[in-house]
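This structure is in structure tokens; I'll ask about it shortly.
Think of it as A, B, C and D in the order they're written, each chain with its own count starting at 1.
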């Protein structure tokens, strides 16, 4: 298993580098702005009445720590990393003062992860399955219809598809809830009503993500399979009269799965962006909605917190997908 | 006697694989050979795949740099040819012939493109008509004419024809050394001999020396003056071609010769898998073995 | 060039549809130059009129004629997409070719940068950039930022082509034939690189327009420049769906969908056409008369690398 | 019961293609009649654009558009009766695969599924045709591997862990494990080095002898045919031009193309000038009229350019398609027979 542990180590190092560079980029961007957020955020807090002085003091400390004009950039950078590594203590949010920004983010993250993981799993499997069949059985009319549909939908951005679904299920055929993650009258916790309500509310966002994601995998897999079909080991299996089902799945699809998994790691970043955009349309309480609300209220700490967590989450997700790679491709395992 | 080409103690060491899973390959180990500029000859390098024969050829052409030892063409090392002019001079003196004719020509471009480029930049033809006459001359040397080739794409010609065009293109600057890496392995057997004999005629009529790289002992026997047999990077036997091929001394050379199939063994039921024991034993000692000279001028690594 | 288009139209349905759609969009956006009205002014026409002979696309709650408004919107969006595509092609082409041709540690460094940038989620970063720059985030700056994040997918693709070309025998042949590096890159290698550059440029346009529309709809750009996104923003702002002015939303959505589908079909068919393999097959088509190219694939000593597999004909697949 | 395993009568297989408005018909196999006997290695020789690969694709009934059978017929004679693969239902033909008819394909390096252990590939290919309970099946497979001196633990390896030569041996074991009556080998050793090639050829010959099955062996390399084939059929431009026992065909060819083909091959120890065959391989979309070799044939006369010479017997078990086959002399000496060299 030595090769596999080397592989994991290499991938882990890659993840750390991505997180470091990504989070540093976020830090640098926040310091591009001419206006200094310290006084703007403080003033908007102090105008609102009756907040405990300690909370205000805590915000002042955090803001001067991160954006203090008097401090050199390097020192702010070090403070920034100290705060990030202490579990992202960027100070209280403006949105829900005095709750810390990171708590808001941690509350929103699971919903994004739920949407992302379900839609990615479904689109990856269904898209590759039907794409593979379309690549192998090139004459089947049904699969050709899938092809045309994918070509029509695939280029349309996440927001537009989500918006169209919203209009359809909001006005034309209002049978699904079109906003929020669960019904108001349901008590959150591991009880049946809550879970059913969550599933019901998730249907629309997940479907919207699936409609956009499916086309990419379908067309990618179809092109890949139409090449693999000409590979020697497939022709040879056909010559040997190996049952068609075995050829399609264990020979064609199994070999196509390896590059498609690498492709998943490559596009995970943009799928994540798509997911949080779609959330916002259905004001699903994930990172997307939180980010937009934070921007609209000028809440520096929460915007920074969401960006850094988003970057870290995507890096970890890519690392997980990379770990699956050797399981699918023995050549990597044994190299 | 100024040496045309001197390869002294050249080794090439490859490191493949990523930072963590390294694998080391000794492609060529302590190769020595030299060609004189007085007499043109066909010097053959024989070896199976992975023997290092192609790596050695690429190093002589300057496409790869040796890890140790050096290669001097007319006294100058490849690394010293910094400027484009110096490299162009080298190209005027040394020309390659590649293995797959269909890969040697860009399938999307017309074939005579390369001929015109050589005529203009290497031969120094100034006008189009001068270039065309030089090209036509070179094509005649290989039994073709510009009329047959002008404006054609690679797939409109046969493998044999394309290889002849490649040789003609190499002859335009009148080089003194051709390096042909398996020039006939992709060409039909019946046409193969016409190209092999062409190489021999180039030596006799135009005084061009050829380094002929092949795994095919039969063609080597037919045209080589001297040859080298390589096993996994090591030169195991070197010297006059026919004596060595008639009676190879090194176990690996004997193994190669025994494995060669010939139409004369029709009906003799001689098809028994070759005995590798002796050659394997010799390979064990290859590290310590040294090249020992024999009376007939050959060297054997024992 | 005309023969190419004629060929494509005759044999490639996708190209025809794509070309027609894109032509409509480009034509429509050119109308903006003849627009009698300045798109940024409001309350020029009676608001909220449904599409009619007088106002073909109807009017919105801000008293603007949606037809002329739409011409400007699609023009600006297309221009933005083109700008980002061109900028990101420059970066991905340079990085890809440099990494591919020079190789060694340069290749490793560039590719590790590539892998890092590809792993960054672009939307939150763009929102962060907007949040920080707010008003002075001009379209040009946004285009540059997007280009800086849009190049990695294609840089790796271009690099793999460059690496492949560097090791091909005809490259060494060209070097020894005395061709200069510049001549080899632009004449020998460009036809192999162009298809990728073109098709990825279109894919990049689709990606950048999609993101710019999303940012605009959320109000995260300069809202008084008319674009598909800002149109939707104002429609949402005036809650067009509730009020019932559905055409205010339908116009930008239809326009952007038509643009994307058209661009996509164009990209797919153009890539297939310029792709050297299919060009060979077309040339092969003409050369099929000399069957040697077909039957060379028959076996014997001279297997034709790409042509053989193609010339055996379109795989009919398995019924 | 004929002692043949395959009879082919005036078979015609053409490529029909349409490319961007260019319709082309390429006559890859044009009226070939031959039969392969039981317990025999029948060599098919021919150079590029000779039609030999298309011919054996039709033998293995593995043709897909644009290749189509346009004339003639073909019949297998297996233990369980005769069958014409192009007339019989597809299911019946598929049932023959690997149990009665197997195939060793060119491109020996990539015939095994790269992401699947060799054991699973053996199971996919051979378990169904063998029809044995699992334990007995694996026993049979392991003994078969031993007989080809391959160690059974090759079964647990992945293809990329084996050398080129080893992968080729495993493919041969795979193609012969069900003891099929008819094995088709398409240039199985072309990609191998000389030393490994000889081992693999010896292995194919031994397996053939042990199983008593028939092997059709296709290669452009005449010296391989000389060592492994009992009978050779020479293909030129889609037609069978000569067929006969290996030794007679090489020592006393009765077709000018064969004579030239044999004479043009260099041999260690022989420095006589080699006469290369001039001219270009034929163009099968517009093949030459009459005998397709006439443009390159030194003995060509008026008749050759108009009438197609039939494949006539010219000696014991020896057929040739040439109007002047009687006047053909070998152009080189093979073995110890004293045969003067033709003018």
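A few remarks follow.
Following the convention adopted for this analysis, a contact is a pair of C-beta atoms (placed from the backbone, for glycine too) under 8 Å apart; a residue touches a chain by one contact, two chains touch by 3 or more.
Every value quoted in this text rests on a predicted model; they were computed, and no experiment measured them.
Chain-level centrality, scored on Cα centres against the all-protein Cα centre, points to C.
Interface comparison, A-C versus A-D: the higher count of C-beta contacts falls to A-C. Distance between chain A and chain C, defined via averaged C-alpha coordinates, is recorded as 24 Å. Centre-to-centre, using mean CA coordinates, chain A is 56 Å away from chain D.
Each chain gets a centre from the mean of its Cα atoms; for chain C and chain D, those two points are 50 Å apart. Contact of a single residue of chain A with at least two other chains is seen at no position. Counting partners per residue, chain C has 284, 290, 292, 296, 300-302, 315-316 as the residues that reach two or more other chains. Each of residues 47-48, 220, 280-281 in chain D touches at least two other chains.
Against chain B, in their complex, chain C makes its touches with residues 168-170, 172-180, 183, 187-188, 191-192, 276, 279-280, 283-284, 287, 290, 292-293, 296, 300-307. Residue ranges on chain D touching chain A, taken from their complex, read 60, 62, 94-98, 102-103, 105, 107, 110-116, 120, 124-125, 128-129, 158, 160-161.
Here chain A touches chain C in the complex through residues 14, 17-18, 21-22, 25-26, 29-30, 32-33, 136-139, 151-152, 154-160, 163-164, 167, 170-171, 226, 229-230, 244, 266, 268-270, 272-274, 276-277, 280, 287, 291-292, 295-296, 298, 300, 303-304, 306-307, 310-311, 314-315, 318, going by the rule given at the top.
Partner chain B is touched in their complex by these residues of chain D: 47-48, 193-195, 197-199, 201-203, 205, 220-224, 226-228, 246-247, 250-251, 260-262, 264-271, 273-274, 276-278, 280-281, 334-335. By the touch rule above, chain B contacts chain C in their complex via residues 61, 63, 84, 88, 91, 95-96, 98-109, 114, 117-118, 120-122, 153, 155-156, 158-159, 166, 169-170, 185-189, 192.
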